[in-house]
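The same chain A turns up in both complexes below, where it pairs with chain B and then with chain C.
So, the complex of A and B:
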């Protein structure tokens, strides 16, 4: 019986993000989704539960509007959810989210294995996993593409630049997973209806005692823009210098 | 008055969308081209509980309301109208009458495997000489001891070639007028039941349609659905339910036409600018989006009315009439927006336009809907 916690984030679906003509990001008509890698995290938790026996708790931190994410996550297989929410939790930094998660998970949730997505679809800062493991004082394995449990040990296959690294750690531990680890299932109607009957623990700011001050200051957010231009050059040897000059002028080379 | 869907309905919509995008959208053009029944998708729908949405859990269903079912048909049809229709016929025309008129034994024996999606249901009402004019049907069912003997030919039977269970209609007493029509449950393999080959159609080609012939087909008395003589009432009740499904299907096709048209018109450059900058194209898109909004509200309202336990014949007819005519009108425009590309096989709007046409014809043509609605307003 393995107690598994999977953390997830409710993010803007990037397919709906538009840039305005003045270069601002238009979030007027966006839709939200569970962050892509976090779907893999939830799926892996459910796979491990099905394979080895256990119990899955899904946890998220966000604004009260993220309440939609709870049933969505539960329809993907976890047994219960913790919804840590406050109006001030809308755009938290990774350090804040990790600190809040650590306080709640550390004090209230039994865990042998915590699974996080490698990074979120919106910020992709890749900090929640390592920061959370650090605060809980447990081992952390990142870039995991395969996971097994044997004799109360986690055997994780990490994809690193030079190849594949296989690591064994005792539980409890935290892993962050890549999208290759599994193909998340599509919840059926039965799963969706069952989600409504699963327990949800709501935790507000007043239930937390920590200090979660931000460390970053966001000055401005702007849409990325790609300017294209088309210049034609001849194919003779002497045309090369013209091409180089054009690249220098455009700042593409120095 | 609250126009919002609840959180569960929203999630069911989004999970059906996820299902359709993963399993249906990628094969929709292929199953249309080959007129292939997507057995693998129907099995996945059954696994997920989608094939028996509005039926009680004790009979293998999921116990959702009818509005929620309409939302699921809409989202599935947005990716493939033929798959959406397969689910809709199975649910509202074949399983619904057994749910509404079947006795305990019939519900256990026939509704349960249908609602679980282990069996597929078909509805055999139309005959070569009896379409909108149901009374012109000639199929008979003569009582002989403990059995009825059915003789006659049904046509355009949706899901026929793949069905395990048929709900059909035959005269037990032709002299009694409409009160002489009765309804029967016929399992596949019953001696005397022959299912013809899949007809090639203009649209919804992956939905399987065939002739069904009864030749001295003997069924036990226990397969009579409802009382003898209640066939017309059962048929009309099924069609009322079915029409909400067709309205939802049409709304799904229209949403797909709008999605494709918006996306294409923003990419297609002519005279140095995207064609979406042309007022003519904008107005077509606006009319499409506006009618789509109306389609949704009419369909959901009809579903909601049924869920309230109120009469919904008029609402279902109006929704079906409006949605089917709107989707036909706008899929023609969607092809127009795509120009020559829209006329090409493999481009989604080409299929959408062909699929749209049937919604004006089956489960009561637009003219039949107008007759029904006229009857209710001129009462």
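So, the complex of A and C:
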């Protein structure tokens, strides 16, 4: 029986992020989602539970609006959720998120294995996993693409630039996962119905006693402008010929 | 005490950090410390390239991982209180930097593409957010100000003859519970796409692995290399990881980038922002790649590629 915790983040879907005419980031008409790689983290927790027997707790920190994410996360298979929320938890930097997660997980949740996504699709700082592990005083293995458990030991295959490293460590431990570790299931109607019956523990700022001051301050944000000509051609032979002519003229091919 | 510290797993990135680190150190008026793995004569090399001090990490047992060094480096930082600590953003480097930052209770800006001392002498660090759609400028209010830096963000330092510096050995780290069972290095099948003057990238629009052959033919005619999107390496496993372009992979800056059957999600587009000319071939005229392209062909790649190959051959570009 393995107690597994998977952490996830409710983020702005970057596909909806636009630039204003003055070059600012336009978040007028954005949608939200569970961060891509966190879906892999939840899926991996559920796979491990199914394979070895266990129990999965999903945990998120965010603003109260992130409540929409809870049912979504639970429909993916975890047994319960912890929703740590406050209006001041909307735009946390990684050290804050990790400190809050560590305080709640450390004090309230039984864990043998913690699984985080490699990084969130909004900030993509890739710090939560290692920082959380350090705060809890447990070892961590990042960028894992294959995970096995044997005799209370984790055996992880993780990516490095030159290839892979296979690393083992006794539990409790934390891993961060890459997207190729699994393909997250698409929850069906039954899963969504089941999700509404699962327990959710709400935790507010008043329930926490730590100091969560930011260590990074954002001085400025702006849209990353991409100025391109955006000329489109058809696909007939003469169009393709025109395309090649344009490339020749631009000096892109010789 | 103070100082600008740098750490990189490899020489290439050490030289890049020696360059930017040296610049920052001279602006602050402090020393530049390079922490390195072992010493096979590299210490003097790094001193020649600008380090004032080189601190040597002792060799690890064969079953230890890079992370074993975290407590040693963090302990040094607690004693020495550096102003700035830059870590090369390899995957292992990012992991190590995050653990050290947590040990030091300080902030860490990941994958910074621009660094500058602000008017208040704080290090302003810029990084991409929202998959590359936005840029965030942050400062760190605690010490040391930490950042990870992707490869090739800064030019390598230049050698300065006749420099002298201090060499020092760092203590042996305690044994880490993490045990390395094996390390498997991938055999490199192609050149470095970051050096290519033309990059032809394939995406999920390709139906099967064999179809990459015709894309390779196109890349050959253009004198370039083949690249790809994340699903091609990670989901399909049709091409090796070192050909993947994007925010979580490699950044390329070729004269010409052509995306074929690539939708143009921002995480991929962020990997060729600095290409001179960008082209796309996609059957969906509303695919976001067209907004990021100079020249696009709207059409089925299986019809367009043969026509394009024929056209290029006609104009004498084929071998």
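By our rule, the second predicted complex is superposed on the first by the 227 of 254 C-alpha atoms of A that agree within 3 Å, B and C clash if a C-alpha of one lies under 4 Å from a C-alpha of the other, contacts with A are read in each partner's own complex, and residues count from 1 in each chain.
We take it that contacts are C-beta pairs under 8 Å (C-beta built on N, C-alpha and C of every residue); 3 or more make two chains touch, one makes a residue touch a chain.
Values in this document were obtained by computation on a predicted structure and should not be read as measured data.
Undergrad: In the overlay, answer first, second, both or neither for which of chain B and chain C A:196 touches.
TA: A:196: touches chain B, not chain C.
Undergrad: By the touch definition at the top of the document, which applies to A:208: first (chain B), second (chain C), both, or neither?
TA: It touches nothing on chain B or chain C.
Undergrad: Using the superposition on chain A described above, determine whether A:230 touches chain B (first), chain C (second), both, or neither.
TA: second
Undergrad: Which partner does A:171 reach: the first (chain B), the second (chain C), both, or neither?
TA: A:171 contacts neither chain B nor chain C.
Undergrad: Looking at the overlay, does A:187 come into contact with chain B only (first), chain C only (second), both, or neither?
TA: A:187: touches chain B, not chain C.
Undergrad: First (chain B), second (chain C), both or neither: which does A:161 touch?
TA: Touch partner of A:161: chain C, not chain B.
Undergrad: A:109 in the overlay: touching chain B, chain C, both, or neither? Say first, second, both or neither.
TA: neither
Undergrad: Tell me which of chain B and chain C touches more residues of chain A.
TA: The partner making contact with more of chain A's residues is C.
Undergrad: Per the contact definition in the header, classify A:126: touching chain B only (first), chain C only (second), both, or neither.
TA: After superposition on chain A, A:126 lies in contact with chain C alone.
Undergrad: With touch defined as at the start, can you tell me which chain A residues reach chain B in the complex?
TA: Residue list for chain A touching chain B: 67-68, 71-72, 75, 186-193, 195-196.
Undergrad: In the complex of these two chains, what residues of chain B are touching chain A?
TA: Residues in contact with chain A: 7-8, 10-12, 14-16, 18-19, 22-23, 47-50, 53, 62-64, 72.
Undergrad: Which stretch or stretches of chain A touch chain C in the complex?
TA: It is residues 12, 14-15, 17, 19, 25, 93-95, 98, 118-119, 121-127, 129-131, 133-135, 139-143, 155, 159-170, 178-180, 183, 214-224, 226, 228-237, 239-241, 243-244, 246-248, 250-253 of chain A that touch chain C.
Undergrad: Flag every residue of chain C that touches chain A in the complex, lowest number first.
TA: On the chain C side, the touching residues are 65, 67, 90-92, 94-95, 98-99, 101-103, 105-111, 118, 124, 128-142, 176-186, 198, 222, 230, 234-235, 241-242, 247-248, 255-256, 265-267, 269-270, 273, 276-279, 285, 288, 290-300, 303-304, 307-308, 310-312, 315, 317.
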